[in-house]
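Heads up, the next two complexes both have subunit A, just with different partners, subunit B and then subunit C.
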Partner chain A sequence: MKDLKKGALISFKQNFTSWLFIIPSIILFSFFIWHPLLSGIRYSFFKMNGFKMIEFVGFDNYINVLSSSDFYNALNNTFSYAFWSIIIGYFAPIIIAIFLNELVHFKGVFRLGVYFPNIVPGLAAYLMWKMLMAPGEGGVFNTIIGWFGLGPFMWIQDPRYSIPLIIMTMTWKAFGGAVLIYMASLQSVDQNLYEAVAIDGGGIWTKIRHITIPKIMPLAKMMLILQFINVFKVMQEPLIMTDGGPLNSSMSLLLLTYKYAFKYNKIDMAATVGSLVGILLFVISFIYMKVTKNKEA
Partner chain B sequence: MFFENKNYGFISQIDLKQKRIQILYSFIMVFGFLIIILCIFPPLWVILSSLKDTKEFYGIPATIIPRSFNPEKLWIVWNSVGFTKYFINSLIVVFGSVVCAMLFNGMLAYAVSILKPKGSKVVFNLVVMSMMIPTTVSMMTLFKNIVDVKLLNSYIPLMLGVGANAYFCILYKQFFDAIPKSYIEAARIDGCSKLKIFTHIITPMSKAVNTVITIFALNAAWSDFLMPYLILRKENVKTVMVKLFSMSTFPDDYIVVSLFFTIVPPVILFSIFQKNMINGIQLGGIKG
Partner chain C sequence: MKKIISLFLCITLISSLLVGCGSIDSENGDTTNATTGSDQSETKTNMSDQEPVEIRIGFWPAEDRENELVEFEEYKKICEEKYPYITVIPDYYKYDESTFLPMALAGETPTVFSTWFTEPKKLIEGGYVADITEIIQETGYDKKINPGFLEITSKEGRLYGLPYSGYGLGLLMNMNLFREAGLVDSEGMPLYPKTYDELVKTAEIITEKTGKAGMYIATNSNVGGWHFTNLAWNFGAEFEVLEDGKWMSNIDSPEVIESLKFIRSLKYDSNVLLPDALLAWGEWVQNYGTDNVGMVLAAVDAINNPVQQYSMNKDAIAIAPMPEGPGGQYALTGGNIYMFSADATPEQIDACLKFMEITGFSPNISEELKTSWDNTYSTKAENGEVVGPTSIPVWIDEDRVKAENEIIEKYTNVDMKLFNDYFEVTPNILKPEEPVFTQELYATLDDVIQATLASPDSDIEGIVKAADEKFQKDYLDTLN
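Let's look at the complex of A and B:
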């Protein structure tokens, strides 16, 4: 009995010193991530005045949000962002990686070059592209297309093109990382497989279709879901480039929470939209976890 | 053309003896260079434009290759915006963030990966789960927390915030998991305390991962904009990025020069550490 007590004491003492390494992080994670998330959910059930909770209103905020046209516009736009980010942002790195992987010459230059935009700070990149796409005749892009007798265009100031152009900018900023990951995966293709196809009389197209694409398929599946999760976070880009305009055409869900919280002081509405995005992402992430589990098995 | 070393990819060395394939290869090469131009052109335009004189900058049509060369303009803008102050502020935040990133994430990963006290797995799972939901969802409640502890206009929340980074924790944990257990066992038998194992065994062995974390944290802290923008309201505490975003009252040519200033530091960093960065992306990128 005494020994048992002593054992428990020692194991507590051992664990205690171990926990000393964890406790600072627990405090930080609670303060910066877990508590803000949970209190956001709590706020979504209250009527708020600034950051003061006035009274519990149940699902009223959700009903309000779900019946507002602002929310539907932002939801619609967010799916539009997702659509374009898959068309542009998802396929571009795959295609570029497959081709760049073929090159023997200047391999280092290509790898550095595609990764270069990643190191340009986000704010600088988006302001830079906004200036390049200046709508006037003095705009750089308008000057360039002017050489071919086109334009001038309105670029992101045109509600029809604001989302695809923002996605194009985001793709420019981030595609290098994905290209490097795909290239790393392509490096490990067994060369004998290509030779086998060649012996069977298959051309280059057959090789790509039956060897290259199946090889990167598991990775590509994971990246697709990551892409989808990432695009739901879109907020800073439209904030910097268009402030949600023109005519709310580039307003995303998270930009809407930002506007509710810091422009219109509607904390309850912001918390509710935030919670809805959180639920949506949780569902997508759950699917993501399932897919990665299957891949490992 | 020399293709002796081509032992990868769908174009084999034998294929390259055909004219048709050689043309295809050249097309791919041109395609690659076009991509590189697309990647480099916008920042290059910023650099070239910041050296134009004001008249040329606003001229129609815009010139791509500048006719005027005005390096003193950099100096004029630097002084009239007062960038020295903002750069010092940014450097303080960046330095503190890197220290916090290594210290707190490293300690948590050490405990979860090597010490493994009861219940630590739950904490780590919570950390991993928090990766699913972007911090922007809860930015306003985080903002309230910061106001509540009276840290508005302070750099402390920005620095400590990097200490709670799930991605860095996972990167550290993966690295520590790969350290042979015998080292730690040997140290334990020699009577090393847990703190001493951390400072004398783990830390010296973690140079590679520390470099990657340092570069990522450096870049992230330098580029971070939203949280600093919300927290740093007073003019004299603003970082470079916050100042850049609030420069809409300045003329466009001033903004372009300021963009130049914000792009240069990471480019210098990149040119020094490109190998570590690219390896870091290929190792840990999939999890991000």
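Let's look at the complex of A and C:
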């Protein structure tokens, strides 16, 4: 034990300069991430008045949240968001990245085109989609489909389609980033492998199946869990486009947290839902890691 | 040498980080570098026995309101000349429930700011606003403000804010559509509905003659619930009742069901509503301001929104009192209040009152005040805003109200006949909002309205029963 302490001290002394460089980051991290995170967990065990802790209430907030129908509705919706994001948004960047990688001409133009929606500020992008999908005969999409004798539809204002359509707009907005990551991975593939396939008489599908897909598989696995976590935290999009409606059909867990905190001034309930989201994501990530690790083994 | 350079770099990094964090003056909540006129105030201190006081005025006009900015700069100049110990710091803040709490927690609340009638309960309970009882008693303002309004900013006999405008919901009419539909008399005045049956007929005529929505029914972002409570009161509904000291939800009542059937019939029998399922505040301003809706529930304080945002012709705006229903005639009360940061010292609050007096907020009448009112209304008229319809008077003193109205009349730029009935009737039918969990009630009612309007055969009885149980269990039971 003594040796261990001594070892640690020596190691610290050796890395003193490195530690000094890390200090600003540690301060920033503790101030902006760890402190709010731990405060959130602490708040969830207290009765709060605004941001003031009034009294320790143990698990009362958790019991209140878990017995509220709002929570289960939001939980259900959030899983629905995650499901649709995998269906709509997970494969699109992979396909586009492979396609762009195979392009010979205008690669840069297409790459910019794909990434462009990422640059548009979220508020502007989602307001634009909201307007495009306005119900009634005057809505842009309804006008277009009206030329073919269809509609008018309610689009995001129809509780059955609000989540898939919000996911569609999120995918439009964000998939460019994922495309770039996949493309970076594809650029690193040894070209000799493709040439070898060509010599052996393999076509484009053989190349994709036996070289491209195995190459991006580890990255794709990581992107899957990252996408799941990101979509699980969806809030801005339903807030702007539907405010959780219609009939709470697009209310997500974090939008519920936002409403508890800022609309109803219930910081304790907001902190509790936030903590539960954290626990859920931790458990899901843990299971996913375990499962994929076992498969690799 | 390398180590020394590294050390130096690290120290620079850390110190820049700490400098970036800045310091907050706990006394008044100001960031130390926020003051631009501190040198001036020091000079002025020598001229006065008073301790220097800095006040941050949160109701300062926004950057794009050029004429008002000039006017407020003038007020600042007058204030600082008259009271050399006061330094006025412009600090534009538009109250927003989603930005207020973090700002208050960071000690960044302006010394005085403006908010709405719905907010005091939350702000007082949270300890975010100053108790101004003694200081207001000294000025005597508490005896001169309409007690009904003053009650909204009080808790357990203590006063926390000063109401400066009040209103009741009414029926806002788009005169372009009324004229097109032929719903005007020989003098060009609107033939507005006085009952709910007449409202249906009027909306039907508008839709039939103009092809536009006759009526606007909000459904989302708590605006739906807010408007609906007023409509349902007129059908005799009461949403929260106190029984043996316990709050009971009364959403599941024949009157609420009747009101819901009424709005469903507007959509499916009369076809006079917009096709959207999600309609809140911004949507009414847009649809009304662009001649797509004939009638909407709104108050007189909002009539400039469509003019400013959608360049609506101000002569196309008219407002009537809420129609009378089978359960009576009520107008939901709303309004605006000045409140003070919890960190404000009595000296700062006193300085704010002095500045507010210069801007025209005072129960007194003086030449100086008259000049200030004159400035305010002439600026509004120059901006092309509606001048003439005012809020329900906050001050009790009739002479004071009359003096301001005389100046308003000078700059009135709309035909007041389009507003007179509203002002005559509304002050007598005011009703405050439902007392507890008001915003939560509105959110619950949003869902009820959306579900009701979702189909022509919606099971209204089932919808209200479920909402009633949910509101009772999730909210009211926590009080009992």
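In the analysis below, the second predicted complex is superposed on the first by the 244 of 297 C-alpha atoms of A that agree within 3 Å, B and C clash if a C-alpha of one lies under 4 Å from a C-alpha of the other, contacts with A are read in each partner's own complex, and residues count from 1 in each chain.
We adopt the following convention: a residue touches a chain if its C-beta (ideal position, glycine included) is under 8 Å from a C-beta of that chain, and two chains touch if they have at least 3 such contacts.
Note that the structure is predicted; figures quoted are calculated from it, not measured.
When the two complexes are overlaid on subunit A, subunit B and subunit C occupy overlapping space and clash.
In the superposition on chain A, A:His105 contacts subunit B only, with no contact to subunit C.
Once chain A of one complex is fitted onto chain A of the other, the partner contacts of A:Met222 are limited to subunit B, with no touch recorded for subunit C. Once the two complexes are overlaid on the shared chain, A:Lys293 sits clear of subunit B and of subunit C alike.
Of the two partner chains placed around the shared chain by superposition, subunit B and subunit C are both touched by A:Leu28. Of the two partner chains placed by superposition, subunit B and subunit C are both touched by A:Phe51.
Look at A:Tyr264: by the touch rule set out above, it reaches subunit C but stays clear of subunit B. With both structures placed on the common chain, the touch criterion links A:Thr17 to subunit B and to subunit C.
Between subunit B and subunit C, it is B that contacts the larger number of residues in subunit A. After overlaying the two complexes on the shared chain, residue contacts for A:Gly245 are found with subunit C alone; subunit B is out of touch. With the complexes overlaid on chain A C-alpha atoms, the stretch of subunit B that clashes with subunit C is 189-197, out of 27-35, 45-53, 117-125 or 189-197. Where the contact sets of subunit A with subunit B and with subunit C meet, they give residues 17, 21, 24, 28, 51, 136-137, 258, 261-262, 267.
Subunit A makes touch with subunit C in their complex at residues 17, 20-21, 23-24, 27-28, 49-52, 64, 68-70, 134-137, 152, 154, 157-159, 242-243, 245-248, 258-259, 261-265, 267.
Contact residues of subunit A toward subunit B in the complex are 14-15, 17-19, 21-22, 24-26, 28-29, 31-37, 39-40, 43, 51, 96, 99-106, 109-117, 119-125, 127-129, 131-132, 136-140, 142-144, 146, 172, 176-178, 180-181, 184, 186-187, 189, 191, 194-195, 198, 204, 207-208, 211-212, 219, 222, 229, 232-233, 235-236, 240, 254, 257-258, 261-262, 267, 270-271, 274-275, 277-278, 281-282, 285. Of all residues in subunit C, those touching subunit A in their complex are 3, 6-7, 9-10, 13-14, 17, 97-98, 101, 104-105, 122, 125-128, 219-222, 274-278, 280, 439-440, 443, 446-447, 450-451, 454, 470, 474, 478. The part of subunit B that touches subunit A in the complex is made up of residues 2-3, 5-12, 14-15, 21, 24-25, 28-29, 31-32, 35-36, 38-40, 42-43, 45-46, 58-62, 64, 104-105, 107-108, 110-112, 115-118, 120, 123, 126-127, 130, 132-145, 147, 157, 160-161, 163-164, 166, 169, 193-195, 198, 219, 222-223, 225-226, 230, 241, 244-245, 252, 255-256, 259, 262-263, 266-267, 269-270, 274, 277-278, 281-282, 285-286, 288.
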